[in-house]
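Order of writing sets the labels: A, B, C and D. Residues in every chain begin at 1.
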Amino acid sequence: MGADVSRELIARRIARELKGGEVVNLGIGTPTLVANYITPEMNITLHSENGFVGLGPAPAPGEEISDLVNAGGQPVTVLPGACFFDTAMSFAIIRGGHIDVTVLGALEVDEEGSLANWWIPAKGGPGMGGGMDLVVGAKRVIVAMEHTRKDGTPKIVPRCTMPVTAKGEVDLIVTDMAVIEVTREGLVLREVAPGVSVSDVLAKTAARLIVPDEVKEMVA
Amino acid sequence: MSKVKSIAEAVDLLHDGMTVMLPGFLGVGTPKAFIDAICAKGIRDLTVIYNDGAFPDVGFGKLVRRGLVRKLIGTHIGTNPELVKLVAEKKIDLELYPQGTLVEKIRAAGAGLGGVLTPTGVGTAVEEGKTIMEIGGKTYLLELPLHADVALLYAHIGDTFGNLVYRRAARNFNPIMATAADLVIAEVANLVEAGEIDPDHVMTPGIFVDVVVRGCE
Amino acid sequence: MSKVKSIAEAVDLLHDGMTVMLPGFLGVGTPKAFIDAICAKGIRDLTVIYNDGAFPDVGFGKLVRRGLVRKLIGTHIGTNPELVKLVAEKKIDLELYPQGTLVEKIRAAGAGLGGVLTPTGVGTAVEEGKTIMEIGGKTYLLELPLHADVALLYAHIGDTFGNLVYRRAARNFNPIMATAADLVIAEVANLVEAGEIDPDHVMTPGIFVDVVVRGCE
Amino acid sequence: MGADVSRELIARRIARELKGGEVVNLGIGTPTLVANYITPEMNITLHSENGFVGLGPAPAPGEEISDLVNAGGQPVTVLPGACFFDTAMSFAIIRGGHIDVTVLGALEVDEEGSLANWWIPAKGGPGMGGGMDLVVGAKRVIVAMEHTRKDGTPKIVPRCTMPVTAKGEVDLIVTDMAVIEVTREGLVLREVAPGVSVSDVLAKTAARLIVPDEVKEMVA
């Protein structure tokens, strides 16, 4: 499966997790692609942490507005019912539990649902931005990522080795190979991608995975 | 009494070594003309409170490229490779906070609060050196106020008294930083007389603003 | 999807014993039609978070006169002699905070903060039972979040998604209370379609509002 | 001196304390009268804690606007340059030191500059409202009050006997008899009202008063 195809699979699968009326924040990268699979009928409101809700699609070329970008700095539009606010309000929304679902990438996720997705700058990483607040504040945290690093080493590990973004806040992990739920008992394998077997997933996962009797095929 | 000055007059109020609050998110909401004036005059050794690294040729990035920044207090520098390099080489100091924490620290300074308790950062490197408190079974970090010598705002509309209206996502840190600096200078794209803005639409009360300068769109 | 309901449908969402946030300052900014509907239905044993005593025949005062209030969490009751009497007779409980503390407690609940440190009340009866902290040589009281079951807002304009615009001094506690209750019901004087309010003019984002009802001016 | 005349004297004298460009909050009662002696040339901005700056005079009869009242609930107007905000912002302005001068009444003031102007409701008083924040937050606190209670007993006392609003925050006391400054050394008598002698003031004051060589006549 190519990288684009697997990113699309992840994004489509995550879109199916969203429920009508929910307020959702999509992180940069693969999470942003989830927006492509959200239809108006789903009645989802997208939050952009730089200061608005009602995020819409990219503008037509030439119709960009300088003051209207998403959290990745790309020109965007807003939908009817959108509104703008300051950073204090934006993070009151985030930290105060008013975001139903946040979707974000990760470098590592562990058995306790802790995740690492930023790096101490002294070691070359960019800083945490708004990610730590999103992970702590959102009612539901979904991680969207490749199942392994480029060199094939597992990103789902017994215990994060990198600086964590938050402890025990992840609810669901969606990768190009599997859907894994974080439960009190540990990580439970819920679905495998088309053409991927349970043993494939186990081989590429360093963390202990609970495999229930029924593991479905991932429907995207 | 009008607070309007020329950019040259306003830049004269700044000096080397100041702590400067700069609103903006990847450059959107940051004053443009005023940044150019600081670069032209070469006010240096600045500690800048700014969300991110912007881009090398945009807003805060211009100050970095011009060699005027001693330290950044922010949340994320990944979009500016020049800044990342300078930080790695220890030529610019970096103090990082989660974005929601940074804005609450600034708000606390402006609102006369001694600090706020946030759950963000608990169990992470962010908690190092901070007071940790448990309340009702939940753990919080005590985050202290963050104040600056000067805040440089950018507004779409401003009146001669300093009342400001921001546009779209350019609002971001502007209204909060307006409250937390000794000297507040606002660059406004459109300057109007006091009374022309609907009092219900004002986003930053003029009482916070000391100087208004005309900027560009 | 519209959030508009009739007042009767909305009042059915309330029940005896609830904790209710009621914005307003001496009645200005308090929903009128909704208060009347609560009085008509007789929802009782309410704990009300409201700034002042209003007046005996206005807003919160109507709930008091109708005998529906068990407790007030507020800042000042002097304008309502009926309430003063009921409090003195211990028929209504009273929990007092300085006004700036009350609003910060509500904001903390809405913003996911574990508490804030305020200098207000230090050395007074207000500090009784509270954690006192010294920071940088200054003394502060730790004030904890205040949350409610339901908030009943009043806006001059509201759209079908719940975006709200307040008018003049009727804004007061409305935007803050909107963030800190499980159920948020907004009475709006003027109802419009989503998209009709300029997104820069919205004062309470619709994501906070669960139900919109048509009220009166 | 009649009560109205003395209230006017106090208000006029306090107006002379205000400097150009200052942001001022006037409490209910005598402090409100100060507004009558503030001219547009003085460039003073009045703050109303219920949510605006730019407080103007009372409207002409019939021109009252229902949503526009002052902190006492009376219909008011706003001046050009006014703006409205919510209670959180209003008290951020107050507590954050953005009010230059607050003028308010008091039941008692003591030698340390502590004041009492609210009563525990169980004992029959109304509650503190926004007064405690104003006294703690404003850069300068001016008390406007009658020098004694109606029964002639002093309100300026060695130590407040009623529940205090704040400790050591008062800067200046202006009464119908005197202007008294709160200093590190104690209360200093600065001015006496026309027709009032220093010994009159001392007789009506329970607190220790420092009397400097020069005590001016109060100019209103």
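Criterion: a contact is a pair of C-beta atoms (placed from the backbone, for glycine too) under 8 Å apart; a residue touches a chain by one contact, two chains touch by 3 or more.
Note that this is a predicted model, so its numbers are computed, not measured.
Asker: Contact counts by the stated rule: is the higher one at B-D or A-B?
Answerer: A-B
Asker: So which chain is the furthest away from subunit A, centre to centre on CA atoms?
Answerer: It is D whose centre lies farthest from that of subunit A.
Asker: Distance-wise, how many Å sit between the C-alpha centres of subunit B and subunit C, to the nearest whole number?
Answerer: For subunit B versus subunit C, the centre distance works out to 32 Å.
Asker: If you average the CA atoms of subunit B and of subunit D, how far apart do the two points sit, in angstrom?
Answerer: The mean C-alpha positions of subunit B and subunit D differ by 35 Å.
Asker: Calculate how many whole Å lie between the centre of subunit A and the centre of subunit D, each centre taken as the average of the chain's C-alpha atoms.
Answerer: Taking the average C-alpha coordinate of subunit A and of subunit D, the gap between them is 55 Å.
Asker: Centroid from C-alpha atoms only, then distance subunit A to subunit B, rounded to Å. What do you get?
Answerer: About 29 Å, centre to centre.
Asker: Tell me, which residues of subunit A touch at least two other chains?
Answerer: 52, 84-85, 88, 91, 94-95, 136-137
Asker: Taking each residue of subunit B in turn, which ones touch at least two of the other chains?
Answerer: 104, 107, 111-113, 118-119, 166-168, 171, 199-200, in rising order.
Asker: If you connect every pair of chains that touch, what shape comes out? Choose line, ring, star, complete or other.
Answerer: other
Asker: If I apply the definition of touch given earlier, which pairs of chains qualify?
Answerer: After working through each pair, the chains in contact turn out to be A-B, A-C, B-C, B-D, C-D.
Asker: Within the complex, which stretch of subunit B touches subunit D?
Answerer: Answer in residue numbers: 1, 107, 109-113, 159-161, 163, 179, 193-195, 197, 199-200, 202, 205-208.
Asker: Under the stated contact criterion, what part of subunit C meets subunit B in this complex?
Answerer: 104, 108, 111-119, 133, 135-136, 138, 140, 142, 144, 165-168, 199-201
Asker: Which part of subunit A faces subunit B closely enough to touch in the complex?
Answerer: These residues of subunit A touch subunit B: 48-52, 65-69, 71, 73, 84-88, 90-91, 94-95, 114, 120-122, 124-133, 136-137, 163-167.
Asker: Could you list, by residue number, the parts of subunit C that touch subunit D in their complex?
Answerer: Residues 25-29, 51-53, 55, 74-79, 84, 87-88, 94, 96, 98-101, 103-104, 107, 118-126, 156, 166-176, 203, 217.
Asker: For subunit D, which residues count as touching subunit B in their complex?
Answerer: Counting only subunit D, the residues touching subunit B are 20-21, 23, 43, 45, 47, 52-54, 78-85, 88-89, 91-98, 136-137.
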